[in-house]
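You will see two complexes here that share chain A, one where it goes with chain B and one where it goes with chain C.
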Partner chain A sequence: MKTILGLMKFTGAITIDTKSVTENDHHALSNVGALIEHPAIYPFLTGCQNLELYAREKADLNNLVSTLGMKSYINNKSKGYSLGMKQKLGIAIALLNHPKLVILDEPMNGLDIEATIAVRKLIKQYADQGTAFLISSHVLSELQKVMTKVVLISSGKIIVNQEIEKFNEISRRKYKVITENNEAAMRILQNNSIAYSLQDDYLTVNSQDIFQIQDELFEHQIHLEEMAPIEANFEQIVVNILDKERG
Partner chain B sequence: MGKSLKEEVYKFNHEKISIYGLLVLLCAMLYNILTSKALDRRFLIYGFDAIEWIPLIIITVGSAFFAMEYKNRTIMMMMYKNSSKLKIYLAKFLVIFFYSIVLTVAAILLTFLFSLIFTGNKYDWLATFNGHSLLSDLLANMLGAIIYSFFITGLSFMLCMLTRNNAVVVCIGIVLAFFGAAFSSALMKAFPSAVSIIKWNPLSMIFISQQFTRSSLMSTSHLLNSELIIANIAYGLIFAVLGYYLFKNRRV
Partner chain C sequence: MVYSIKQELYKLAHRKITWISAILLLFLMVFTGFAMAEDTKKLVLALTYDSSDFIMFILVIVGATSFSMEFQNNAILTLLYKSANKIEVYLSKYLAIFIYDLFLHVLAIFYTVTLRYTIFRSNVDWNTIYLYHQPIWANMLTASAIDVVTTMLIITIVFLLSCLINSNAIVITVSLLVTFMGQGISSDLTRRQMLVGIMKWNPFNMVNLTRQYGNYITYVITTHLSNLQLLLGSLIYIIIFFIIGYLIFRKKRF
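Up next, the complex of A and B:
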C-alpha cells in the first residue's frame, strides 16, 4: 500500500488512471485518499481543522462529519481524541474530496459497533458512486461484508486475485446429501466411482458430481431428502489457500 | 507549490510555535536589558542582543516544525497528498525563513519600544555617530541576522534529517550561537598558516550578525562583508540541498 502511494522505493511500475507513480512524482495521486498504519492527525488542530487542511469543499467536509457521527467533538483539539475518534477522523480525511481510489489499512481498528456499521455504509455509498477501495484487514469477517474482489498476498506475492462471486465458489465445492436410504445411495455412488464421504447421518460429495448423483438416485428410485451446498467459513478458506501456497 | 505553502502556513500558525518563539525573543531581550550593566549604543544596535537569540529560536522552531511531521506520523499523508517531496521541503523552508524575517521585524520594534521605556530620550535614532545613525546600524545588524537565519534554516533542516533528534539539533544551535565565533577565531589563531581556508568554516558565518557595524571584527573573521554574505547564502543553500537529499531518501 505504501508502495502504491509512492512512499517506498520499488522496482517495476505503478500506474493510476494511466498516470505513473514514482517515489518523487505523486501527481497521479491527486484523486487518491488513504489511511495507512495510523491516522495522520495533527494533535494541535481540532478535528475540523485537520479536515479543513485538505478539504476542497465545506459541504463535503460537513457531510463526512455528520455521516461518521463526529459532530459532538469535531471542534475539540484532536490530541484528546480516543483511538476510535482518531480512526474515524483518519477515514474522513481519506474520503475527502471524493477520491477515485481509497486505500485503507485496517480501517475498523478501534471502532465500536456503531462506528463500524457507519464506516461500512460509507464505504458502500462511495463505492456505489464509483470510488474504488483497496482495503487490507486481518478482520476477515468485516472485510467480507464490503468486498467485491479478493486479493490475497503471501510473502509479497499475489496468490489470489478474483471477483468475490468466483472466490465464493470455493466455499461451495462440497454438497451435503441425505437420502431416504443412505446405505443404498453409497453403494450406487461406489458403483459409479463417485467420490463421497460419510459424516454422521449424511454424505458429503463434490459439487461437480451433483447432477450425476441425482440422475443415478432417480434411476434407482431412491428419493432425495436434502441436497445443499456446505458453506465453508471464509477465514477457513483463506487459511487453506495460504497453507496450500506455503506447501 | 502554492497549495503546499498554504498548508504549511496553516499548520505553523495553528501550532502556536510562532507565538512561543516571539515570547522567547521578548523574554530574552528583557532579560538582557535587566541584567546588563549599561544600556549603551552598542547594546541598542544589536537589538538588546536579539541578533543572538533569533538564530537560536530559528534552529529550534525549524527542527521542531519538521520533526513533528515524523512524530505525529503525518509525513506519509503529506507525501502522498503533495505532488513532489521538493514542494513539501521548499514550503517548510520558506515558512521558517519568512518567520525569521517576522522575528527580526519584531526585534526591531521591540528595540524601539524598550529603548523608549528603559533609556527614554537618551539616544537619538537618527543622529549620526562615526558616519552612521543608530537606526542604520540597527537595520544593518538585523539584515545580518536575516542572512544568518537563512544559513541556520538550512542547517536546522539538514541536522533534523541527519540526527532525527530534535534535542541534538537544539544543542548544536546553542553551541553555534554562543561558542561558534569564539571557536572559529581560536581555530584560526591556532593554525595561522591555514587561515585562508579556515576562515570559510561554517562557524565563522555568525560574524555576519555583528560585522556590518563593527568593522574591527574583520581582523577576527578574516572575511569581508561581501564574502560573509555570499558564504552564508552558499552554506544555507548547500545545507538545504543536503537536507533535501536526506529527506528524499528517509524512510517513512
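Up next, the complex of A and C:
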C-alpha cells in the first residue's frame, strides 16, 4: 500500500488512471485518499482544523463529519481524542475531496460497533458512487461485509485475485446429505463410485455429484431429509488456500 | 506549491509555541533594555535590543519541531503522498519558517520602536549617524535584513539535522551549540596562522555575521572576513546545506 502511494522504493511500474506514480512524483495521486498505519492527526489542531488542512469543499467536510457521527467533538482539540475518534478522523481525511481510489489499512481498528457500521455504510456509499477501495485487514469477517473482490497476498506474491462471487463458489463445493436411511444410501453411493464421507449423522458429498445422487436415491426409493451446501467460513477458506500454497 | 506553503503556515499559526515565542521575544528585549549600559543606547536600537539571539533561539525550537511533529504524529506519510514530490514538502516547510523568520524580525523592529518611546524613553534621534556612516534607522533595517540571512543559515542546518536525527531534543541541542558556540569553534579553527586562509571559510564562522555587523572591530579579528564575505559565505552555505538536507530527506525511509 505504501508502494502504491509512492512512499517506498520499488521495481516495476505503478499507474493510476494512466498516470505513473514514482517515489518522487505523486501527481497521479491527486484523486487518491489513504489511511496508512496510523491516522495523521495533529494534536494541537481541532478535528475540524485537521480536516480543513486538506479539504477543498466545506460541504464535503461537514457531510463526512455528520455521517461519521463526529459532530459533538469535532471542534475539540484532537489531543484528547480516543483511539476510535482518531480512527474516524483518519478515515474522514482519506475520504475528503471525493477521491477515485481510497486505500485503507486496518480501517476498523479501535472502532466501536456503531462506528464500524457507519464506516461500512460510508464505504458502500462511496463505492456505489464509483470510488474504488483497496482495504487490508486482519479481521476477515469485517472485510467480507464490504468486499467485491478478493486479493490474497502471501510472501509478497498474489495467490488469489478473484471477484467475490467466484471466490464464494469455493465455499459451496461440499454438500451435506441426510436421508431416511444413511446406511443404505452409503451402499448406493459406493456401488456407483460416488465419493462421500460420513460425518456424525450426515454424509458430505461433492457439489458436482448432487444430481446423480438424487437420481440414484429416487431409484432405490430412499427419501432425502436434507441436502444443502456446506458454507465454509471465509477464514477457513483463506487458511486452506494459504496452507495449500505453502505446501 | 502555494497550497503546501499555506498548509504549513496554517499548522504554524495554530501552534501555541508560535505565538508564545512572539510574546517571549518582547520580554527578552525588555530585559535586555534594562540590562544594557547607558552608553550602548545607539547599539541597542541598531540591533533591536539584541533580538537576533532570541529570534535565533525561537527559530531553532520551532524549526526543529517542524519535522519532528510530522514524525511524532504519524503525519509524514499523509503529508508525503498528498504532495506532488518531496522537494515540495521540504521547500514549503522551509519557506513557512522563512516567513515566520521575517515576521519575527518585523515584530522585533516594531517592539524596538515601541520600547524606544515607552519604557526606555531614549533621546537618541533615528537620524543620528552611527555605524558605517549611516543613520540609526538604516542600521536597524540593515542589521535585521542581515540577521534574516544568519538565522536562515541556522534554520538550514536545523532542517538538515532534523532529517538526519529523529530526536528533536538532540537536533535542538546541537543547533543551539552551533549557534552559540560556533564562534568559539571557529576561532579555534582559525588560530593556526597557516590555515587561516582556508579555515576562515568554515561554516561556524558565518554564524558571526550579525554580531560582526554590530561590532565590526571586535569580531573581524576572529572572523578574518569582511561583512560582505561573511554574507556571501552564509548564502553559499545556505544553498549547500539546503541541498544536502533535501538529499537526506529524499533518501530517508518513513
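Here is the rule we go by: the second predicted complex is superposed on the first by the 247 of 247 C-alpha atoms of A that agree within 3 Å, B and C clash if a C-alpha of one lies under 4 Å from a C-alpha of the other, contacts with A are read in each partner's own complex, and residues count from 1 in each chain.
Here is the rule we use: a residue touches a chain if its C-beta (ideal position, glycine included) is under 8 Å from a C-beta of that chain, and two chains touch if they have at least 3 such contacts.
Everything numeric in this text was worked out from a predicted model, so none of it was measured.
Novice: Have a look at chain B and chain C on chain A after the superposition and call it: clash or fit.
Specialist: They clash.
Novice: Quick check on the superposed pair: does A:G47 touch chain B, chain C, both, or neither? Answer first, second, both or neither.
Specialist: Touch partners of A:G47: none, neither chain B nor chain C.
Novice: Contact-wise, after the overlay, does A:I36 reach chain B, chain C, both or neither (first, second, both, neither)?
Specialist: After superposing on A, A:I36 lies in contact with both chain B and chain C.
Novice: Of the two partner chains, chain B (first) and chain C (second), which one does A:P107 touch, if any: first, second, both, or neither?
Specialist: neither
Novice: Under the stated touch criterion, which partner chain does A:P99 make contact with: chain B (first), chain C (second), both, or neither?
Specialist: Neither partner.
Novice: Find the residues of chain A that appear in the contact set with chain B and again in the contact set with chain C.
Specialist: Overlap of chain B and chain C footprints on chain A: residues 2, 5-8, 24-27, 29, 32, 34, 36-38, 40-45, 49, 52-54, 93.
Novice: In the complex of these two chains, what residues of chain A are touching chain C?
Specialist: 2, 5-8, 24-27, 29, 32, 34, 36-45, 49, 52-54, 93
Novice: Mind pulling up the chain C residues that touch chain A in the complex?
Specialist: 7, 10-11, 14-16, 69, 73-86, 250, 253-254
Novice: Please give the residue numbers of chain B that touch chain A in the complex, ascending.
Specialist: For chain B paired with chain A, touching residues are 7, 10-11, 14-16, 68, 72-86, 248, 251-252.
Novice: Going by the contact rule at the top, pick out the chain A residues touching chain B in the complex.
Specialist: 2, 5-8, 24-27, 29-30, 32, 34, 36-38, 40-45, 49, 52-54, 93
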